[in-house]
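Listed below are the structures to be examined.
What follows is a pair of complexes built around chain A, which joins chain B in one and chain C in the other.
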Partner chain A sequence: MEIERPAMAGTLESSDCQVTVEPGDGRIDFTLESAVINQYGNQIRKVVFETLSHLGVDNIKISMVDKGALDCTIKARVEAAVSRSMDQFVNALWGGAFE
Partner chain B sequence: MINAVGREIPEEILKITGKEPFKGNHYFDGYEYKKDGPSTRCVINSEGSKLVENIHEVLVKCGIQDGMTLGFHHHFRDGDYVVNMVMEEIHNMGIKDITICASSLGKAHDKLVEFIEDGTITNIQSSGVRGKIGRAISEGKLKGLAVMRSHGGRVRAIETGEVRIDIAFIGSPTCDDYGNCRGIGGKSDCGVLSYSMVDADYADKVVAITDCLVPFPNFPAHISMTKVDYVVVVDEIGNPDKIATGAAKPTTDMRKLMMADYCTQFVVNTPYFKDGFSYQTGVGGASIASTISLSKIMKERNIRMKFGVGGLTKPMCDLLENNQVDALLDTQDFDLNAVESVINPRHFRISAGEYADPFNKGAVVNKLDFVILAALEVDVNFNCNVVVGSDGIITGAQGGHPDTAAGAKCTIVIAPLLQGRIPAICTDVTTVTTPGESIDVVITDYGIAVNPRRQDLIDAMKNVDLPFKTIEELRDIAYSIVGEPERVQFDDKVVGIIEGRDGTVMDVVRKIKKFEFSGE
Partner chain C sequence: MINLVKKRLRRTMMFLNAQKPGLIKDPYIYRPDSIILDLEDAVAENQKDAARFSLYHALKEIDYRGCERVVRINGLDTPYWQEDIRCAVAGGCDAIRIPKVECPKDVHRVEEEILKAEKDFGMPEGMILIMAAIESARGVMKALDICEASDRLFGIALSGGDYTKDLQTRITGTGIELMGARQNLIIAARAAKVQCFDTVYTNLDDMEGFQRDVETIHLMGFDGKSIVNPRQIPIVHDIFTPSGKDIIFAEKVVREIEEKKEMGIGVFTVDGKMIDIAFYDGARRTIELAKASGVYKGDL
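Our next item is the complex of A and B:
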């Protein structure tokens, strides 16, 4: 699945995260700023990569500003941002790519 | 060496500081020592005034030089101007290598970071530090070791001579030209001067700084002229809006109210809740709410409190107003109601030594039945952390936490199970400030854990309808929601120590390290 244009999902409220995606240069380029990076940085990265893998995305620049979001929130925000980058506004790609 | 709370204290730190590792709350019980004393310059002439023109002149008169230790108090809280005012002048004079020994430092003192960076300040001893100083210390910018000590521990350190204060600066809301200081009246009313009383007793030079000079005698003095060398009048010693705020509105947060209710139910079901009990609480929303709900039950059951201790706020002063308590013992005032209550004849000012010092002949904390506290983190051994944030940066203060926890018969810590994604109940706290042996009960929004050391309290709760859990169960609930946190990665360099109230080393604080993803 290809990222077509920059898109965003999420907020900077406590316990949420804001995800920005844009077309990549042939790989997954992930940057993270997080209030809980010391404790959960690796876990957040794992969830982001797993979610992208489910969506079939491997060419993306994705950056996240995290305010202590739980894994389920992170997953939802990544899915929403990727959906929006493909103009998929109504039936977002919850849970993975189109069959 | 591993100390009594299981923390590895590097031999090198014990060697540099000459300290012992923490060996348990009562290790020094019965210990005898000779108190240190200040050098005193006698005033026998009748010239009648100790007024000095300005801060610069008074520093010269006190013989300021490189390497000195200066004492400050924090009764002006986030509204303090005194520390910055003095340090700026010292910086302008080119003095280096100063040790600041303050009862606490906060956001009002962000400016000191410049002086830490240029070597004006090389050591900091404080209850804790908030704001930018905390970050600077955690980043390794302070040349010496930061020492975090409790309010009682500070008095101990000064009385034993472990710390010798060369010059103490006492911001005083009112003062006369002969140095009689009072915490009340004037523009920067803070109520009491409890934390600076030990400075007045033990510093070689004592300087009162005021913005409200009153005619002699400013009696009854909170700090006597017999201990004060000089008086300086300045325009402003603090920002009244930040010294004492209006009383906090009682919380409407259902989660906090639920924890407050658990706390009150626990308190009233202990054997200590009877006519003549004693009580101290903090300023958190849940603590304040539990004081309010407790007062209702006291009225219903016709139970009076013998004395309340603080750190005082409106709900505690209301108990006095409503004749539900015999006396308030006051070390600090957090809101305007508490400041105004100081004139009540049953509202007594006490010194930090009377309050919490473990090295005198007995302090008030030893007579407490209940203390209600908060914590950033509590681990499965009931050890509490109130100084270092979960991100590894120094961000809080010990205050009277370890002192009251050690003294009270029933020490209750209220903490929401989760702060955002950070679990408050964890396997290991980032840094130990108060040992688990002092903590009897932990109350969270997901349940209550009683320390297994307190079988008597567990027995007392046999038929009480509260959601009791083990501390491990609480941790497991937290981890099941947010995931198990990884340990914060620190540099090897030790930047500070958490001193036990008896002067032993409770824990060390290390320099923070930039996070890196594993396996990249």
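Our next item is the complex of A and C:
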């Protein structure tokens, strides 16, 4: 699955995260900004990479500003940003990739 | 297979914007009976897509600790509602709240989409319930037909904002503008043996007015109220939960009626009040409500 254009999802409110995606240069390029990066940076990175793998995305620049998001919020924002980058708003497989 | 929790306790149904992680991560700490994860009015038009992802993963991963998880979908006149249902069903919600219901066909359309989604996602058929929000004069007039539209339908709810607009009046805080609709809906719901829920009270600075409003709808026979703030929860629960005095009286009525029936006595007094068989069901309901609310310690 290819990222077609830059897109963003999420907010900078507490318990949320803001995810920005754009077409990559052949790999996953992930940057993270978080007040809890030392405690949870690895876990956040793991959730982001697993979500991308689930979506079949391996060529992407993705950055996240974390404001204390739970794993479920991280997954939701990554999926929303990826879906927006492809204008894919319906027929999500919910639990799988996009059609 | 039809879900058997249609009659569960629903004194408080708290609206939460499904797009706001800060709101949906731990609402169970306030102990509402149900939460309504909203994809409709609370979510801006350009965030409808993101709200669904947020909803799906919240339903999948957050343990709401016994709170019923209802999803309010977008209206049937929008391009969103079918995908809302797919997302909610795939996430494993307990019920779907349909906004702006005006006729049984609206319920049937949602029922068909739920069934399709249950099949698509391999969910057991018939487990997801429906509640219908009545938001117009036409909906009020069709309330009984709506209540009887589906075996999945557990209740109807008045939505006062849109209803008063349709009636060409406004929310006054007195309840005068809602009198007819409230009476009509509760009668229809009781006739169809489904539950009935009152509209939200949005003035959070007027907790005394809120309390009066809840006392009124409790006396009218409503099962509960839609709420918009956790501060409203204890007030509703306090009013809707039978008091110790009510429970003791109900126990006496049940026991006396059962005992006197054996003796062939139809009318007698309990604590100075005339009692006959007509009081039996009401007393039983008080005990059942006390049990459901977790305050009953007796053995009836």
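Remarks
Assume the second predicted complex is superposed on the first by the 91 of 99 C-alpha atoms of A that agree within 3 Å, B and C clash if a C-alpha of one lies under 4 Å from a C-alpha of the other, contacts with A are read in each partner's own complex, and residues count from 1 in each chain.
The working rule: a contact is a pair of C-beta atoms (placed from the backbone, for glycine too) under 8 Å apart; a residue touches a chain by one contact, two chains touch by 3 or more.
Note that the structure is predicted; figures quoted are calculated from it, not measured.
Counting residues of chain A touched by each partner, chain B versus chain C, the larger count belongs to C. In the superposition on chain A, A:L70 contacts both chain B and chain C. Once the two complexes are laid over each other on the shared chain, residue contacts for A:Q43 go to chain B alone; chain C is not touched. Of the two partner chains placed by the overlay, only chain C lies in contact with A:W94; chain B stays clear of it. When both complexes are overlaid on chain A, the residue A:E13 reaches chain C alone and has no touch with chain B. Contacts of A:E79 after superposition on the shared chain: chain C is touched, whereas chain B is not. Of the two partner chains, chain B is the only one touched by A:A35; chain C is not. Shared contact residues of chain A with chain B and chain C: 14-15, 69-71.
Those residues of chain C lying in contact with chain A across their complex are 20-22, 25, 49-50, 52-54, 56-58, 60-62, 83, 86-87, 90-91, 121.
Looking at the complex, you find that chain A touches chain C at residues 9-10, 13-16, 69-73, 75-77, 79-80, 83-84, 89-92, 94-95. On the chain B side of its complex with chain A, the touching residues are 390-392, 420-422, 481-483, 485-489, 515, 517-518. Those residues of chain A that touch chain B in the shared complex are 14-15, 35-43, 45, 67-71.
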